[in-house]
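Once you've had a glance at the structure underneath, I'll fire off some questions.
Chain naming follows the written order as A, B, C and D, and within any one chain the residues start at number 1.
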């Protein structure tokens, strides 16, 4: 195993002390060795990427730096000074800020309240709040991080929630900012915006550590990158001296295919027809404004869009469970047969009987029961299936056998069907869900955010499976906020904005720039200023007639 | 020579009520004879039979138990121990080796009602019971009759504390009920509610009205503010049974006014409240009851009360 | 949203007004009674509010109150001072809070089981110790004079008595209660202020919603939760002391008679908010006071039995809950110990 | 990967906790001036030292098994049913009505009919809280607490005014007909030619309770319904995604829970007192909460916890009956047992885990 670590050491010896230096950090969670003897040096004023498979120990390492976990052994130096980070208070005082993978926000507090939590000035809130309001205004202007300070977190999109997390760190005057998978939930535009901010911060002399599964981001923005595998630091390299392929190989330990290989689609008869689907939520806001869609057998229809524009509701309605208290209209046909929309007799079980599979957007809340063993999750949603039941009883032996087979075929690691879903890494959790839904061989598969937070090895695998299902002549509806993913997998792309389909494009005839504009609600793409990323003329090609709205 | 035994009901021997009175009777017997006895407190329904059998098997004799709840079990097992004598209080059990001690609570309560009637200026008195069960209605009905006999147009406000056993141990609620009754005009309140009654007596004293205690003499709790106590001499019943020992006479033993089983307590604590006229009225009522001239209706006989 | 939040308040006020209109003097007494019956419930409810807002569920309110009632009555009797009794009450309740904290915070145990254990512990210990100390089967001797909290007559209560409307309200209802009633009432705005206007309150609410957010903000989750549990102990202590030395004159075994559970119900009813807690507990007090004043409703053709009137407050609670209050969402992190590493 | 072997978790930890609870109890006994050794001896002999003691221990345990299972089933649907007390009381009413008013010639017929009556009444009493929770979001903890009080009032009324035989002082129903008396275990033993547990209340309901444990286990972990209940208990959005109706499952889980609580009446009402008395449940509904939580919401754990509580009840009863130790001591011991085994279990588990981990490390290091 090559450890290309000397580069960093050489640099820090000649210049100013590193902002962060970790020496021999180890951490075990019970029997799991999450970090083993880790050394890392992050130069001041740089953006440092950290990559690694799910469960490699990235979040653990950063949490130790932030004082969230205590290391079993090892030493931390901040700006050359040894420091014992006993709790997050110490870390904050040392100028370290962290945006966690799973946000640490109080859902029913306002933005302002979340910002001041822990750094209030004095025992009364009022002065702290008004001070924070002022500071926030300045920060917002400086970094273009606009959020309504009085909005309650649960009403914010994830993108905005993340802004709050960043503002929290900035408000605490962090010099060293750690971001754990910040772009996992962001749209490309939001991600770009974030990166501009990070570059701005670096130019001010701040140090940034960025964990991500997206190699493109590493290549785009970082100065150096470190690779972790199974709790160890296997390499640290200058970004300019490496390539995505090389990084992927370091990470996974084998060559990884970074592009999806697929043949042109051979679409057959329509499987799903949606006509004028409307939905008004329990607060009277119209969320879907007349959706028309057709998906044919053997094709993947990708739905692009900024999250919060109705994709989730579309998936839920198609999946048989519209949000509580909503009013619905329109028509859905599956293989020519009308499906009920809401009301009696319309639930997820009914959809499954009609041949619809569903990989939900949130695997931890909907897709899996985290406390159930993997094998029990294999029957999840299909608990009625005849091969899993014997009369009123569940046929556990059959389910277990099926689980083992699926875990084998989908290379779920560890291959232990008795392990609770909670104890699998994100990528492997997702593989369980994908295996369960794809292996049912549904006529139509609904897929929401299939690779969110999943490492590249698993992404490669999941993408292959989706394409294979299409090639088997099944219809697929793919919702993702990752434009790269949409472009790589889809045979047709529909863009959703504000409860409408703004237009359809063919992937080979469009660009991220054009899609981005559609996602922002701009239909008239003729007057677009020329974007570097858009090949000339592509914005004018309307390959399909625009759907009537 | 066998030791006698005493079994208390679920309320426990310090229930400020008849279990406690029974305990005092046993204590008096101990003091006077120097003897020893066994005592048991019930904790659950299922223990009743266990306790009776075990006591009988270790040779305790007589075995005295307080409370109607033993009736059913005693009926079942008395025959198994023909050589043991049993005494049960507040219930009639028909068996050759059982003495059933029943009290004429209605008679004592009648006297309390008479006193309340003489004392009440508002013409309204109150009755506070623990749980709404027949035994307590017996108190209530006697009281109402005595009161109405004195103030035919008067009114009796009746409250029951609750429907769970907590109703016997809720002085706070007892106090609030007393205040509620006062607001409805009651100026004498009779409490037949165990530990809850302590709160009734306290609230009445705080509010400057009179109260009537029950079972044991509670006059001393608030001297000068407790009109009287309707004493139910469970202690005597226990004392008598212990004294009789193995010669306990089976059959029904009626502890009425004449037998000294029930009475109203007049002592130093309440002497000032009881004037001569009231004293006379009480004596008159006693005589009337004794001679049969006054027939105090027993609620238990037909589940109804003529006075309410 | 806002209307729905104040619905309990409207219901309560409506009942009071109608009652005052129909039968003024009964209403005056009844509402006064409701106030007294409310006080222990309110204190216990606010106690639970602090604890549960911080993410520690507490079904041990009953036990804490009972223990407090006992220690308060014992010390008040021994020292002949209601104030020392109050301190002892708080101490007794705090001791149980410490047990609760130890189990559910330090040792990350099951909060509900800890609460159940506390109820048992108080129920047994009070009688055991009481019997050992006083030999009265767990009762304490009756308190007199300075051993009890006496009603306080507020200034001008007498002079204002005959003024219409204000008179009965001020002199009849507001004046003439023991100091602990005023403490309880005062605790409502104080709790609201602490919770929503101070740093401590912000952190306390945060730790009940998402302890990790507090932890990563550099504030100790453990210390905050202990503080909340301790406040819970103090308030339960006052509630218990009020039962034994304010409302009655001494301790009787099991004298809390399920009030801790009613307070818990009121807390959920109030959706874990202080002002709603006031109205919810007042509603319970009011319904009980009404049932006390009209024990045998004679409707002419049928006399409603006493058992029904005794159950009426509970029946009405269910109806109001189902009809008007709707879903109550507990603090998100409630009931779960904060575990970082498994 | 676990931190320590399973046996250490499920046997060693509770055992040490129990020892700790007993040690503190001994201190309490010392503090009130009694001998802990004598007390312990009385308890163990009284509860487990003879078939007679066992007869009572098992009788109490039977009650707790039913109420514990009731709490457990609801708990798996993440519903906290505090209403076992009221549901069991109503179950008693169901038993009484069935046995008093239906002509049932033999106990073998009476038993299943009474079981239906008990379960139906218990379930009915759980239905309204369940429905209100599912449809209106009315918190089940409040409604079940209220329904306990309402049940007590209803029983008080029915027993005093409807079921009480004329002229009886006792607010209790008449005795059930002789033919409907179910055999006590002692009768069964006698049938096998053994003398066992003479005059003890334990009856064939104990066997029904054991069967109920097995059936509940089967229900929760082997049936589709159980799967759906557990899914709902873990995640409501998950249930919706999986096509499981939260309303339906909430109601069904509570009906089963109430039915189980109601079934307790077979033991205490039909089997023991053979008539319905006031407050027949005697707090078993609340003990069921402790039993279920301590039994980790598993039928086998509940069986063990119920036996433990049965032991404490009977041993404590003996203590109160035959020594001068007040009966409240038992409540304190129960409290300590609940506290140490149920809530402070990590106090024992954490150091044990560290011990096992370091043992594994040294072993791992050696190889």
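Here, a residue touches a chain if its C-beta (ideal position, glycine included) is under 8 Å from a C-beta of that chain, and two chains touch if they have at least 3 such contacts.
These numbers come from a predicted model, not from an experiment.
Peer 1: When every step has to jump to a touching chain, what is the lowest number of steps that links chain A to chain B?
Peer 2: 2
Peer 1: Nearest whole angstrom, what separates the Cα centre of chain B from the Cα centre of chain D?
Peer 2: Comparing mean C-alpha positions, chain D is 36 Å from chain B.
Peer 1: How many angstrom between the C-alpha centroids of chain D and chain A?
Peer 2: Using C-alpha averages as centres, the distance is 47 Å.
Peer 1: For chain A, what residues touch not just one other chain but two or more?
Peer 2: 30
Peer 1: Would you give the residues of chain C that are in contact with at least 2 other chains, written as numbers and ranges?
Peer 2: Residues 131, 138, 258, 305, 307, 310-311 of chain C touch two or more partner chains.
Peer 1: Quick check on chain D: which residues sit in contact with 2+ other chains?
Peer 2: Correct list: 149, 152-153, 156-157, 160, 330.
Peer 1: Following the definition at the start, I'd like every touching pair of chains, please.
Peer 2: Pairs satisfying the touch definition: A-C, A-D, B-C, B-D, C-D.
Peer 1: Which chain D residues qualify as touching chain A in the complex?
Peer 2: Against chain A, the touching part of chain D is residues 1-3, 218, 222-228, 230-231, 234-235, 237-238, 240-245, 353, 357, 360.
Peer 1: For chain C, which residues are in contact with chain A within the complex?
Peer 2: Residue list for chain C touching chain A: 196-203, 205-206, 209-210, 212-220, 332, 340-342.
Peer 1: Going by the contact rule at the top, pick out the chain C residues touching chain D in the complex.
Peer 2: The touching residues are 99, 102-104, 107-114, 116-121, 123-125, 127-128, 131-132, 138, 258, 261-262, 264-265, 268-269, 305, 307-308, 310-311, 314-315, 317-318, 321-322, 325-328.
Peer 1: Which stretch or stretches of chain A touch chain C in the complex?
Peer 2: Its residues touching chain C are 29-30, 66-69, 87-92, 98, 100, 104-109, 113-114, 116-120, 122-126, 128.
Peer 1: Quick one: in the complex, what on chain D touches chain B?
Peer 2: Within the complex, chain D touches chain B at residues 56, 59-60, 149, 152-153, 155-157, 160, 164, 166-172, 175, 199-201, 268, 272-273, 275, 277-280, 282, 313, 316-317, 320-321, 327, 330.
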